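If you scroll down you'll find the structure; I have some questions about it.
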């Protein structure tokens, strides 16, 4: 008789399984987890800590907070950050001071490990929430973070 | 069993301490370290596994090492019954043709780990059933994890 | 069906009798081909949407309203794609195989009584013909697997052979159980009998068992999950059609869905009274027959989709165990019970 | 590739290449199968398709930088990998780690384990042909990933640990979201059983295949659910407790059958245990600092350090040999997947191709973990 009870029990488990999927089928309108991505761009909000890309915020006077200390460059595990700097005369104090010429960031090499941002003593760089980073040519992924003509916030020391 | 008891027990296995050199040390490590000559490796390992008092039946880590002058292998052993751990080190100074005995008959897991060591350090294992390169291709030149390995194209040195 | 009658008369008035009948047949064939190619495409869409709803997704909903043109677009893409193949394939058989599959699938369609008049080909061995034709399709699969010169494809083809040969037995026997009640293999006759209640009601318990067995075996015949060992995506990549691309692949794909439609149509015809409406509510409107036929068929197709998106796949030996140890003995037992029932007049008739 | 094997062929056997691109190998694992009909005669893994030589890269990097490399090993338990490296470094420096860090690490580690197991469950179903499980598994995993993203900024390669503690404090929503997840998952986990675990087809396919005895499990260095399904008590959280595991009570799931279904069950039951661990900790996160102060340049004292942790796949060992400089002299990762893969040939021989796929699915291999 176990032959028939086997069949009975087997069919019962199959029907239980079908009831699970059936339940979802009936609630398919509400339960859909699909994100219709390009359509929901307007409402899509990334979390504030999301690591999209490294940016350097500038204030309205076109000033950034990077003193050129190169700690981020040292912290970066794969050389995504290059800082070109030279010593210029600080207009306020008249002394020679290390200043960045270009803060170059290779997004294509970045692993989003956040070590540079942790290392930065002046909070000059931070994460942006932008995630649409695809480009047709990988040279576009190399970015200069400080805007042309920008200066460091006066009086900032590392 | 405590490290001290282990050391006493293992020392007592050796009839002639001059012929077979075992070095015990607990310095700079959380385990008891035994350094053994390549010739005695297989015998010691068999004994460590089969002796009911030690019963090291779990080889949880097998590491190839390049100490600069010598090449060698570090075996991390644990007993699943007594829950004591030990480290066995074996070194050979022959960098051209380093050869050790395999332990893959004692712990099956050693088969893959020894292939990995062969692949990256070039240490050959006698009686290994299938000693081929595991990760790299057969025609790969050199052994990448050795300290004197140079690859100017693929290696980025900071 | 006045239009068909008019065309028929117009054709025969235009040309000699033999030519006219040949032209008529060709016309019917073209019409059927058109209808079922499109029907197949929409079945694909249905499958995709249904699967999505089972899986908490939305499914294709971009091309046309609610994605209605999605498979059309897919078909267009497949038609325009380059046909690739392996160099060492057996070219002749490799090219022949998809046609085997698709032609046999379409041939079977001609038999179904979609409504009282809408039946292209009503032969007296209808059921027998259906079973015979549906097993030719497997030759196409075997050829495809063998001629591709690919080991995965060959394993898929071998499995297909084993599977279809075994499960045909169950399909045949479960249909035979029902034929005991009708006493005829002709599909129109079978429908006629059901005017006194659908066969699944007439035959009550044995008929329900026969239907269950038929559904299992039918799913296996179409190589659909949980019996999709022929394709077995996670084991064989794509199984027998690994090496096919473009339109040739589309033939296999379309054939699978048309086969599903065939299996569901047979079930509708034999168990659920084909175009007959439930309790005879719309018997006076013959055109609604098509509607009822499609409703029933789609319900059974939905059941098959439900199977597919719920169950894991069987292993090849379990597949054979299921057939030879469970389905076949049950089937034979069922056949005898049905024979006794018919003999003793225990069937329910209204 | 191998001419020697070809010569030893019996006439009925043939060779077939499973991978590097194959749906069942979940990545770029290549298995060289010798098959007789449908029956597996020999399985030979061919590795190295994504070998990045992380161990060599570690010899070049500072200890902070090493942590992010371990994200890329077993990417499904990246947090636990990070934790392993951090624990090794912290032990070597004999740092006193704040309680808050330990508890947060443990909660996230257990969430990682659930995330890994839900993904495994979905893919497991897909491997045996039940495609719907994949989406149900991913639905639940998505909630965990959102928790991670909110707190750590990344969903998969989180790099949330630094030697000494955490990179930043947990997000204010962390506790709330985690509780939401627990409530949600407690209703969904029984569905897993209804849909797949009890299914007759599934059980028939899983029971009695790929049997691994306890002795073999130990000898092959099997760990994690694979070892525990064979009755081998190998939970590092129990035997070599770390972080906050000594503060919580949980059961080590042990099965004795050693077959594929036992491995499956161990993972399902482990998710319940992980839920209970999180429940015990989530309301009791101690206040305090989220890191212990370390030097910017970390130099480990000369010596050898070994730390094992329990990842979702089993025992991950981190072995650091330091000569006192800012880089490790030699760094070895004993990855669970590597040992678990080595026993595949042992348990798959004699089964069918379908069995191999099911067996491999329950070994839960992550290829970057094997290749490193």
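Order of writing sets the chain letters: A, B, C and D. Residues in each chain are counted from 1.
By definition in this document, a residue touches a chain if its C-beta (ideal position, glycine included) is under 8 Å from a C-beta of that chain, and two chains touch if they have at least 3 such contacts.
The UniProt protein names, listed by chain, are A = 4Fe-4S dicluster domain-containing protein.
Just so you know, these numbers come straight off a predicted model, no measurement behind them.
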item: Shortest contact path, chain A to chain D, counted in steps; value: 1
item: Chain whose Cα centroid lies at the greatest distance from that of chain A; value: C
item: Chain B and chain D, separation of their C-alpha mean positions in angstrom; value: 25
item: Centroid distance [mean C-alpha coordinates] between chain D and chain C, Å; value: 45
item: Intercentroid distance (Cα basis), chain C paired with chain B, Å; value: 64
item: Numbers and ranges of chain D residues touching at least 2 other chains; value: 61, 132, 135, 139, 195-196, 199, 201
item: Where chain A touches two or more other chains at once, by residue number; value: 14, 17, 20-21, 33
item: Shared interface positions of chain B, touching two or more other chains; value: 156, 158
item: Sites on chain A touched by chain D in the complex; value: 9-11, 13-14, 16-17, 19-21, 33, 47, 49-51, 75, 77, 111-115, 118-119, 127
item: Partner chain A, residues of chain C touching it in the complex; value: 50, 52-58, 306-307, 309-311, 326
item: Chain D residues within the chain A interface of the complex; value: 61, 64-65, 67-69, 71-72, 132, 135, 138-139, 142, 146, 149-154, 157, 159, 162, 167-168, 171, 191, 194-196, 198-201, 203, 296
item: Contact set on chain A toward chain C in their complex; value: 7, 14, 17-18, 20-22, 24-25, 28, 31-34, 36
item: Residues of chain D that touch chain C when the two form their complex; value: 14, 16, 22-24, 38, 125-132, 134-136, 139, 195-196, 199, 201-202, 204-205, 352-355, 357
